[in-house]
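Read through the structures below before going on.
You will see two complexes here that share chain A, one where it goes with chain B and one where it goes with chain C.
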Partner chain A sequence: MSARDRLRPPVAATAGTLLPGFADPVLDAQSAFRAVLEAMARPGRVQRLPRPPAPPAPILPAAGAVLLALVDSATPVLTDAGAEAEAWLRFHAGCPLADGPAEADFLLATGTPPPLAALRAGTDEDPQLSATLILQVQALEEGSGWRLTGPGIEREHRLRVAGAPPGFIAERTANAALFPRGVDVILCAGDRVAALPRTTRIEEG
Partner chain B sequence: MSTPMPESGYNFAYLDEGTKRMIRRALLKAVAVPGHQVPFGSREMPLPYGWGTGGIQVTAAVIGPEDTLKVIDQGADDTTNAVSIRRFFARVAPGLRTTERTAEATVIQTRHRIPETPLSEGQVMVYQVPQPEPLYKLEPRRAETRRLHALADYGLMQVKLYEDIARQGRVGSSYDHPVMVGGRYLMAPSPIPAFDNPKMHMSPALQLFGAGRERRLYAVPPYTEVRSLDFEDHPFEPLRANGHCALCGARDTYLDEMITDDRGGRLFVCSDTDHCATRREEKAA
Partner chain C sequence: MSEATTEQRRGWMGVLARAGAKGILPRLEGAPPLPPHSRLRGPEIGLTMLRGRAGGDGAPFNLGEMTVTRCAVRLEDGRVGHAYLAGRDMRGAELAAVLDAALQDPERRPGLMRAVVDPLAAEQAAAREASARKAAATRVRFLTMANMR
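Our next item is the complex of A and B:
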């Protein structure tokens, strides 16, 4: 039995009650996916999720929506969000919880994320087998801050990220050098998302 | 907002949610690695492989009730494949609007053409792809082509183009002419005419490609470099029949040749029916 297939028994919710997931699992997942697809296709453009769920703290509504739209029994998830958040995720998405950063397809970081170099980057033949890091930050604002260039960006997009982990740009630059391998990052703040696919070059503004 | 049940009793947009999530995850990775073919678990659809099952599965994973869908087959909205796919989604995706107008559409599923009307940022193109591997005719072993893509070793294709030029004086592919995406991946543009290749370069629309039988999907993000493969001394030339449309008179569109009788009578008409009809309406007004 591989680590990938191993399911941990669901952790009992500490609060006793489980918060709901998407109000409409079909259409809300579709609208959340479209926002993420748009964010990934146009790095640095901030998308608002129209109908996010209200996940338990510290998961933000945007991060909860991204996870419920994308993860299921086929995708091990690693998170630092705590037992209640894990129980919510296990109940609504049915995803296994990964043992470590190297086993996870999706990582949700509510605090300092594990180093990008510890995450799966895929292989040269299968660069799609890489991890997606969902990173919660304080605020996302277009128009100032980081200068982003690359596919999906006509000239330059500016993105101000409040609360990015220290040293993130340097780590991200080292990771981007692995192209076509590499980790894709989805930034979440409140009900808003922006993405940094591995192709995006970031310069401090 | 609650999900209105499709008439048939199927889930919204036919596919089950697990399949949609699998395709959605693959699409996000495809966008992150432009031009790279991502394997996916292609499902059986209620029409045969070769009829656009890859494109349909991508469209089903992407569309919602707020979308307006246009489907074209060789540029035409009124051919069998286009009509049946449009009708399929109208039945299984309640709320979804369909249109024949390029400018009104948010999702455009296509077989073998890119519309003449320039695309915009709010649009998603979904291409039906019969053979996603551009090297297939030169190297049929999938394990080997995967390695060639990993190494970005596209010498085989350069030699093929060189041999075309040496034998016929020009590059031999008038459709499905291979392109380099973002300077890294060789990609099959699906069998669109070479005339349409330049429209992929720095397109404001997101372009998604689905190959159902071959179980691969890939993507070109907006504003991404897409170069048709060529040589400095034999630059790529988008081919076009030398004529004008018999209906709207256009001299800058891609033309279909129509045989009108058995005595050699022939004429050209626009392949893009919506563009041609719009031009004729504007003339009449």
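Our next item is the complex of A and C:
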């Protein structure tokens, strides 16, 4: 997408179906950012977003809040959520839409996500250029399920994820082998988020 | 009445943006009531870069930044109105956005055009003409010797 397209004001393309974003754009985006920061710093700990927006279906409130807090005109987004959701994101976050998984900085998966190997993993010199996958699942619960270890975790954190795509753990293990490159994952369910940074090791348990 | 063309919409958006709250509010007294709306974004104040063109080849350059206020609203029927105003006129931006949304409704448009937009457009045209006339009165004609023969 050219720089000219990014500057185009989102007027005509979004007629009729828009929903509001954050009630208070500054404070709500800050608290959403804080929740994502906590989630990333403590992988597997579930954070609740205090005041998420009400995005168009099928975007969940938590995923909408994470996107509005993190995405801007410099970060191409790819989503499978449909035209209404894309218009909502374009209007409130001002982000360009990526053409394919390899061009996207952020991906929102409401259904089956693209394979992690197809996403941008950064380079050894610039590992921060990797993509972040925002994955919507049915439920997140601490205390049972997957056994997480790695930086940010003293012994182990247990996270139960309902509705994770099949083969996700195997893909994550392959992704972890790329370190320092690799894809970070943010899990969203309802108004709750948990993060799986590229350094976190997952064992089924 | 059918859906408004882009040209029509551009016309009333410009008139409303130039009028601001000070111009719009008195006109609303005699107008049909505005529909209820919810705010999609703003009204919020920000900066926009003004670009100019200079030199023989017309290369663009950044002239400076100006303050703008923008607002987007949504009516209950799903119509979305936008407004961008110069300056810090939050009330005016919201009014202009609501009017933009309402004016897109073919049933509301004639009444609102008659009561709000047309009089404001006439006012602005008159003001522009008055200042053009004032400026024209001070025009100096420089004549060269060749013309004075």
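Criterion: the second predicted complex is superposed on the first by the 189 of 205 C-alpha atoms of A that agree within 3 Å, B and C clash if a C-alpha of one lies under 4 Å from a C-alpha of the other, contacts with A are read in each partner's own complex, and residues count from 1 in each chain.
By our rule, a residue touches a chain if its C-beta (ideal position, glycine included) is under 8 Å from a C-beta of that chain, and two chains touch if they have at least 3 such contacts.
Because the structure is a prediction, the values reported are computed rather than measured.
Looking at the shared chain after the overlay, A:125 reaches chain B, while chain C stays out of its contact range. Of the two partner chains placed by superposition, only chain B is touched by A:29; chain C is not. When the two structures are aligned on the shared chain, A:112 is found in touch with neither chain B nor chain C.
By the touch criterion stated above, A:91 is placed in contact with chain C alone, chain B being left untouched. After overlaying the two complexes on the shared chain, residue contacts for A:20 are found with chain C alone; chain B is out of touch. Comparing chain B with chain C, the partner in contact with more residues of chain A is B. By the touch criterion defined above, A:41 reaches chain B but does not reach chain C. Residues 25 of chain A contact both chain B in one complex and chain C in the other.
Across the interface of their complex, chain C is touched by residues 9, 11-12, 14-21, 25, 91-92 of chain A.
Contacts from chain C toward chain A in the complex involve residues 6, 38-41, 44, 72, 74, 78-80, 82, 84. Considering their complex, residues 1-3, 11-13, 17-18, 20-22, 24-34, 36, 38-39, 61-66, 146-147, 149-151, 182, 184-185, 202, 204, 206, 219, 221-225 of chain B touch chain A.
Across the complex, chain A meets chain B through its residues 23-27, 29-31, 33-34, 36-38, 40-42, 51, 69-72, 74-75, 123-125, 127-128, 130, 132, 151-154, 179-180, 182, 184, 197-199.
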